[in-house]
Structure formats: C-alpha cells, structure tokens
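In the part that follows, the structures are each spelled out as structure tokens.
Below are two complexes that have chain A in common, paired first with chain B and then with chain C.
Showing the complex of A and B:
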C-alpha cells in the first residue's frame, strides 16, 4: 500500500517533469519554416480529404445502399478485373520495361537516347483519348498488330487483352522512369568490381544491380499499377467491355444516376486506399541496406 | 606481364593518348598524377572496362584488347571500396568464388581463412553500411584477393583512411606484395605512398604518360619540370649553364650561381631540382664546407609539420629546406634570421630542356 503511494507520487512527479520539459522544448525549438511547409502541404492533402469526406458523408447516410452496391457481383467482378488487368500490365512492364530502363540508365547521352526517352514519355504528355486512339488503331482487328494477333486467336477489341494493353501503354512511363532512376543510383563501380571478380554482364545485373534497385522496382510497379487501374479514356477506346471500374462508374453515372455511381466510387476509394496503404507498409524496408547501422 | 602498346581511348571529353607501358610480374606499379589526369581510366583500361580506340593491350604477350573484364584475371579495389551493400561481408568476399562456380563448402572454408587473415572474422555477418572505412577497406581487399588475381588493381585505396589506419594498411599491402608475390598496380596522387611502396612508377599528366621507370629513378631524377613538380621536388629553378668543366657545371639561376654535376654545355637552358632534405642551413657566416653551393639568405617562413619543419629561405631565389624541429629550435630560426644555405653539387638534379633523355646529377 505504502509502495503504491510512493510509486504513484513518483509517476505523477515524472509526468509533471516531462510535461514541463516538453513545454520548455516547445518554446525553444519553434521551426517556422517546417511549420510553414506543413501548412502549405496540409492544404493540398486537405483538399483530397475534404472531397472524400464530402462523398463519405453522403454515402454513410445510407449505409444499406452502399453495402448493397459494394457487394453486388457486378462491382466486385469489375474491381477484380481492373486490379488483375493492372497487375498483368505491370508484369509485362517488369519483363519488357526493366531491360529498357537499364539500357537508358547506363547508356551515354546521345541524340538517339534523347529520342528514345521522349518516346517513353509520350503517354505522359498525350491526352488520354489520344493515347486510347493510338492503342486502338494499332490493336484493332485490322490494325498493324491487331490483325496478326487476331490470326492466332488473340483479340484486343472489347476483350481483356485490350484492357491490359491500354493500361500498359499509359502506365509504362511511370514504371520505366522510376526504374531508370533506380538503376542510375546504383554506382557503376559496383558493376565494374563484380565484372572483374568474374561475373558476366547478366550475372552482375542479376546479383548486384537488380537487388539494389528493388525498392525502385516496387515503387515503379505501385505507381504504374495505380495509373493503370485509374485509366478510363485510354481503355474505353479499345475495350469498353468488359467493364473495368472506371468504365462501370461512367456507365452507372449515365444510366443509373449519381447515387449508384457514387457508391461504386466510394467503394473503390476505400479498397484502393487500403491496398495502396498496405503495399507501401509492406515495402517500407525493402531494398534498404545502407541505413541499417 | 601486361603491356600497353600505344593505347588511346576517349571517354567523353577526356582522352588517354598513346600510352605505352609494361608491368612485370611481381611489380608494385604506381600510376601517379594530379587529379583528372586519367589515372583511374588507365586502371580501368587494364581491367578491361574501357575498350581502346587505338593500340593493343597484351597479357603475357597475348593480345587481350577485346577480352572482357571477367576473363582477364584481375581484381579491382576502388577508392570508395565498392562493397556490395546488399550482401554481408562474408557474401562479399565469397562473391568472386561463387560466380566462378566454387563448391559452397570449399568457398566457405576459403572465405573463413581470408576473413581470419584480414582480421575481420567478427564482421562476417555485418552489412557494409555498418562498417568503418578501415573495415570496409580490409573487406574489399579480402574480396579481391579471394579470386587469386594475376594482377591486383587498387584505385587510391588509402585516400579515405585516417593516418593511423593508413599506416596499418600500407603494412598490409607491403606484406601482400612480398609474401604472395602479387603484381599490384596502384593509382595514387600521393608521392609518399609511391616512395613507400612502389617498385616502378608511371607519371600521367592530362592523359599522357610523361615518365615511367624504376621508382627510385622516376621519383628522384624526374625527366621534366612538370614531373619534378608532381613528384614533390621542393626547389625547382630554371637557369642557364655558364660553364662546364669535366661534367661539373656552373649554372646561373635568377642571379644566383649553382654548381651541379651534368653533361649540359655552356649556354644550355636547364632546370635545377633540389630536394629540401638536401639543403643544409647554418646560422651566421657559415663555415668552410665541402658543399659547392653556399649562399647567404634570410629566413622567410618556418612551418612545422610533425617532427620536421619546412624553412623557406630567400637567397636570391627562394629555396626550401627541411630540418628537424630540434634544429630549428637550436638555431633559433624565425623569419628574418640571417642564415647560410648550402647544397652539395651532387645533390642537384639537372633537367636539360634541349633533351628528352633523363639528365644526370644524382
């Protein structure tokens, strides 16, 4: 009993002391620059939060409708289709984009390199409808690539491959540029040392360069996947059907009205936020070696 | 063992021009030169990391100009150590063995032996980011030695180390060279390292090999004024030979007369190189001495550096002498102190500007 009183007193004393210290430190370390930056950045985050809050208020007022829409097979199927098509596009990007990013990172500046870099960036600077048109004209049934693929039974128009290829086209700069930055950050000296120790160019890439760029690979993949699943105009040109989530929201907006489309959109926001938050958390320590002191 | 035959290569705006050199088995070969001279490019060319535009590279008289780095039997240690940050120290050391297909058990034994030898066994499971500069250096050296290279290439390996670690590492390198009979090529801009370790030296300035040969010869009797300046000759004076009797020349350098041993003839323009170690100072009028060059002067400055002091003397021309700090104290040398300065004629190296051949004098 006596002990309790003493420890309680000590605890209270400790809390008071630390509170006083905190107040003193707060007075001493007011960094107005950081506070200013936080306010400016906070405004930007605030707009997004406000927009979501606005939607959430309306949706949470009628949870039954939200649950009904969110659990409908059409919405679940569309979300799964969108996520899978995005993942397929990213897988293709990893396979084809990684070598391109490496070549761009390691080649010396030249006019040819500048042209290739500009071509990689084209999907970034084009209106999405133009990007969609480009994909459509190339992969339509009579297109330069659509026709030969059609002959071996692979159709793109209003088909899953069409969705994947449109997503791949618009998301490619996000992956390639991030990956290239990652490769550029790996010192060439490391590759040189690996080569002199007996590793071939590919072994060096596989055992040294790629593991050290993993963090950028994940970042690029997440960015590209996010860009891919959010695409609308680029996809509808070649594959209005099957409905990816953005097409479904547009379709619902034009046929069922705002309430249903808003419920689908809110569901997508919640799921996307959860998935992206998880991915970021999972890859937090990935590829970090230098700061494990 | 390895030879460059008129090798030229371009890297951006930098050019390595017509480099010819020969590195023998067991040499401790130093490539010295100022920053940006092309030392590292030359080292990387030996490793096969740059393809020459012109010329040939020969290994044991066999042309290897187009041979990729992994097939040359060389190992490279960079200034920044370049340990793979995604691998532990043990994995770094075993990397070369692994890519060469050594069995896991054998590689583990080999690595354990190397870690023990370099005193880093306790660091086996650590990542490079957690090591000190000296520890990283030893790990990088162990990794390079693991593949038993024919030639070990070192790119300024001591420049990022503190003086105490530098001394230890110099001992390690000396032992490695002596005990293993390893051929080592080291890039450095430190004359001190070259004096301590090199058996042969190449001086490269602005992409051109300006001098090459036995370390003692290149460092003490440089071929040109720029090499003399780079290899650390403290007193370099331009002058004209006024007379020469049986190889004993009198040289007028900025109004001061020096006697030196050279074949240079009267009227010939020469450059005199005098090591500060060879300059003797006496206070007052000076005594009779066998030194052929004795002149009065005044102390300009005294800069202490460790156990020695660098004393600059205005004797018509400004000359530098290196004395022990005790001598400075005993002679009470301070700026404005009148002194008598003497240099033996045989201590002066004479560079003859009319000839590219190495001059005589020492």
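Showing the complex of A and C:
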C-alpha cells in the first residue's frame, strides 16, 4: 500500500516535470500563421453564430409562441413543399445535368465548349430577380414554352411546376460544375481499361465512371438542393403561390410583422441545419474514391 | 496473312502531331515488337490499333474489316482483342471481380465466368489471392491480375503497351512466359511495345522501330539490330560504332572501306561511295597475341584508350586510326588483363561490318 503511494507520487513528479518541459517547448513553437488564419476564419463563423444566437435568445424567451408557429399547418406545409420542390428540381438536374457534365469533363477545350460553359454559369452571375424574370417570361401563360405546355394542361404560373422550374434554373450550375469536377477526377486510363475489356461507351460510363463519381454527384445534389430551397427572387416571379418557405417568411414579415416571421425563420434554421448536417454526415457512405492508377 | 493492316495513320492532339503516316502490317500468329524511345508514339499507335480512339487520317483494317468504313463494328472488333497497359491498373474490388469484368461485359453465364476466372488466375499464379482486394497487391501482382483479366476473354490479338516497364524480374519473366506460350499454343497474335531492346529481341519474331511518330524500319530482329537502315535507328538499337569511310574497292563479295587510313572489309555491297560502317561492340573481339587470320576477317593491332565498366559487360575503347568500342564480358576483360595503354589485337568479321550511305553532314561528327 505504502509503496504504491510512494511510487505513484514519484511517477506523478516525473510526469509533471516532463509536462512543464513540454509546455515550454510548445511556447517556443507558436505558429503565428495558423493562429492568424484561425482568428480571421473565426470572425466569419462568429458573425453567423452571433446572428443565430441573437435570434435564438428572442425566440427561446417565448417558447409557446415559437411552438405555436412551428406547428401551424401553414408553416409545416410550406416547409414540406419547399423541400419537395427542391428535391424535384435536383432529380431533374441529375437526369439532365449528369450527361452534360460528363461531356464537358471529357471534351477537349474549344470555342464552342467555352460558350456552353458560360451558358451553364449564367444563373450564377445574374441577379436572382433577372433569373426569375427569365424563367417567368419563358414559362408564363403566353411564353414560348409556357403556351405549348399550357395546352397539354401543365401550368407554371403560380403553380408547383413553376416553383420547380425556377429552382432548377438557379441551382443547375451548382450541380453541373460539381458533377463535372467529379468526372474529371476519374482517370481516362480506367475508362480505357474497361473499353479494352469490351465495354461500350455507355457501359463504361455506367460501370466505371459513374460509380467513381457518386460522391461528387451526392455533394453536387446537396449543394443544388440547398440552393434551390433557399431561392426567393427567382421563384416569386413565376410562382408567388403556393408559398415556399422564403415567400412565406417575406409575406408574414410584411403582413403579420417581425415576431411571426422571426419564429418561422428560426424554425427553418433549426430544420435546415439538422437536415443538412445529416446529409453531410452521410457523405462518407457514398461511392468509392480510392482507385489507384 | 495480315490480321492488321494500317496505312498512312495520322494522329494529333491539338497542335501536336504524334503519328505521321504510320504504315504497319501485322501477320496472323506472330509476335511483333515495337521498339522506340519514350514519346515516339508507340502507345498512341496501340490505342488506335485497339480501336480505343480513332485516327485523324489513314486506313486501318483489323481482321480484314475496314474499320474506317464500318464504325459500327468497333465494339465487336474490340471484343476480339485485348490490351495490357504500362501502368498496372486494377479496380478497387476483389481480384475475382477484376478478372471477371470482361466476361461480365460480354454477359457470359455465371458458371462460365467462375470457371474461366479461376483458370486465368491459376495461369498467372495468383489463385491464392482470388478473394483479396486487388489494390492491396504489389505492382507486379497487379499487372498479373491485369494480364489474366485480358486473357480471360480469349483475345485473338493481344496488345501489350510496355507491359513490364516497371516490374520486378520475376513478374516480368512470368508475363513473358505466358505471352510466348499463348502465342505458340493458341496462335495468339501479339503486338508488344517496349523500350527494353533486350525484351524486344527476346520475344519478337519481327521488330518495328518507331522513331518520332513513324515506323522507321521493320524486319527480323537480327536485321534491325545488325543491319539498321540509317544512323538514327543504329543509335537507338545501341550500335556503339558508327564510323564514316570511303569505299575503295569491291572484289569477291567483299567491299573494302577506308577510314582514317585503315582498310576494313565488309560483306555489304556498297550502298554509296561515302559510307558509314555500323559495327556492334559485341562483334569486336580483343586478343593479347596475334590470333590466326581467318578468311573475310579484319585483323589489326590497336591501343586500349579507355575502359568503362557497364556490368556485366565492359566497354573497351581501342584506337587504331579511328576509335572503336568493343563490348567484352567483365571476366574476359580480367583474363586479358586489359588496362589503358596496352596493345591488343582486334579481330572483326567482315559480315559484322554493315554499311549505310553516309548521311548529309554526318561526315564531321563521330569521327573519333
């Protein structure tokens, strides 16, 4: 018993001595660069945290009102509508955007390709109101595409398809560019091996290229979805109704006042944060990445 | 019969023309070696022959089918050929799945795949790794997986693109043995590109030299290595001695060439008045005493001026008016007691002296 205490004390003494020496060493090797970067980055994250904390304190002071607003059918319906319309837009993007991304990734640079790339990026550089106007004028009842679709019973003005098409338009560069980056990372060598083994171009794409870019497809889809459900100006031009969440917040801000709109906003923040956190976490289960060449 | 017939193949990437007017025909059942320095267009040519990418211009028929006229047949034709690349490329899946790829693309029945994959892995000596992850294997083992992945599809033509460029000697030997056996037993046509001259000589029935995007010469390997058509080819195939001279007479099937006051006999008919003598280092013998003179042989005394060991051989430079480099084994150099400054006798058979017309401007260089 006694010996154990003594040896324990001895050990601790030794440990402390080495600990102080270690601390001294550490002081000497301060990496000011990293610390500076952390401070700069911290300021940026700090603003977001501060803004949310500011809202949270006000909201959590009156939980009854928050719960009342959050559980109202209007808010829940609107959130579901937004998420669904976003997902719908992303599905369309995956179907039409993936082939385009592959062609862009594999073709040689040319003037034509440069033009196509710029067209893909147009929604990125335009003000969202302009994007909204573009979509509205094309898909309105008398628009070039709106009129023929209207004849087969597909209306875009103030309707769900309008929301989807506006979201699709503004979110497309996010998906296409990410997907394309993924395809570019798949070595042409791997495709060549598959082709020498007797695969057609499409089989090669399906069995080699696509599985290796699944992770990019996934993160491109998340990005595009995030962009889609956050859209406001692009959507209201063609579909003010049904209310997507940003329209609902704007509407209640201008009619009911700050308190209600803030409660809706806070609910949206909580839900979006949770959903996106989960989706990001799931990235690790997606796709195989590590093919050696 | 020619199984591949290519004429005037041109290929460029952007502004860079990689192949200019390549003509090549491959006979059924032969092993054709394509040798050439890196960047001479060997890999590009193989990719074009295997129909992975199209040429910009030219005619190409494979299995007697005109591939330019009949683009729709490419996949079917490609399925009758196989290709092994320089870098071992395996997919991040089990060895079994890797080898089964080609058969799955051909929608073979499951039992068939199972049997053939096992046989193919047996052939390359990797049966015990059948369930391992292919990316965990060593480079040499991965290349053997890649080989069995090709062989499992029973290709009629096999393209090998520097297949052993960075492999250990054992894996190299295994791959070479498999390829030669398949060629002999299954009559598989093989086109192998390599920058390893010894490998080209060892495996190929016929050798094509590729320089700067063109096939410079094709022929039996003896022909390429001993009777290169011009100086560039001679340099590439490792000829140590290229000596300019002038033809002085011709009699009894022997050409007499004078170089720096020394007369040397050659069996080659004179291609021009001004010639260059092509002599491989290993054809020059060195002796301490004057050996008996044989017919059609050059025999003269010389002084050793430099000795450069390149294990397992030694490059010995001797001076006899002009400088000649002889290649002797390290043991022989030791037996002869070679050192700089000593006198030796040089013997050189007349048929080991090959003559080519002198290239313009070639007279001033390489005169020793």
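In this section, the second predicted complex is superposed on the first by the 257 of 293 C-alpha atoms of A that agree within 3 Å, B and C clash if a C-alpha of one lies under 4 Å from a C-alpha of the other, contacts with A are read in each partner's own complex, and residues count from 1 in each chain.
FYI, a residue touches a chain if its C-beta (ideal position, glycine included) is under 8 Å from a C-beta of that chain, and two chains touch if they have at least 3 such contacts.
What you see is a predicted model; the values in this text were computed from it and never measured.
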item: Partners on chain A (chain B, chain C) - clash or fit; value: clash
item: First (chain B), second (chain C), both or neither touched by A:208; value: both
item: Chain B versus chain C as contact partner of A:194, first or second or both or neither; value: both
item: On chain A, positions contacted by chain B and by chain C; value: 108, 189-190, 192-200, 203, 207-208, 290-293
item: Parts of chain B lying in touch with chain A, wherever the complex brings them together; value: 12, 44, 47-49, 68-70, 72, 74-78, 80, 82, 84-86, 95-96, 99-100, 127-130, 143-144, 147, 149, 153
item: Chain C-touching residues of chain A, taken from the complex the two chains share; value: 108, 189-190, 192-200, 203, 207-208, 288, 290-293
item: Footprint of chain A on chain C - complex, ascending; value: 14, 47, 50, 52, 75, 78-79, 81-83, 85, 87, 89-92, 101-102, 105-106, 135, 146, 149-150, 153, 159
item: Residue numbers on chain A that touch chain B, as the complex places them; value: 108, 187, 189-190, 192-200, 203, 207-208, 211-212, 287, 289-293
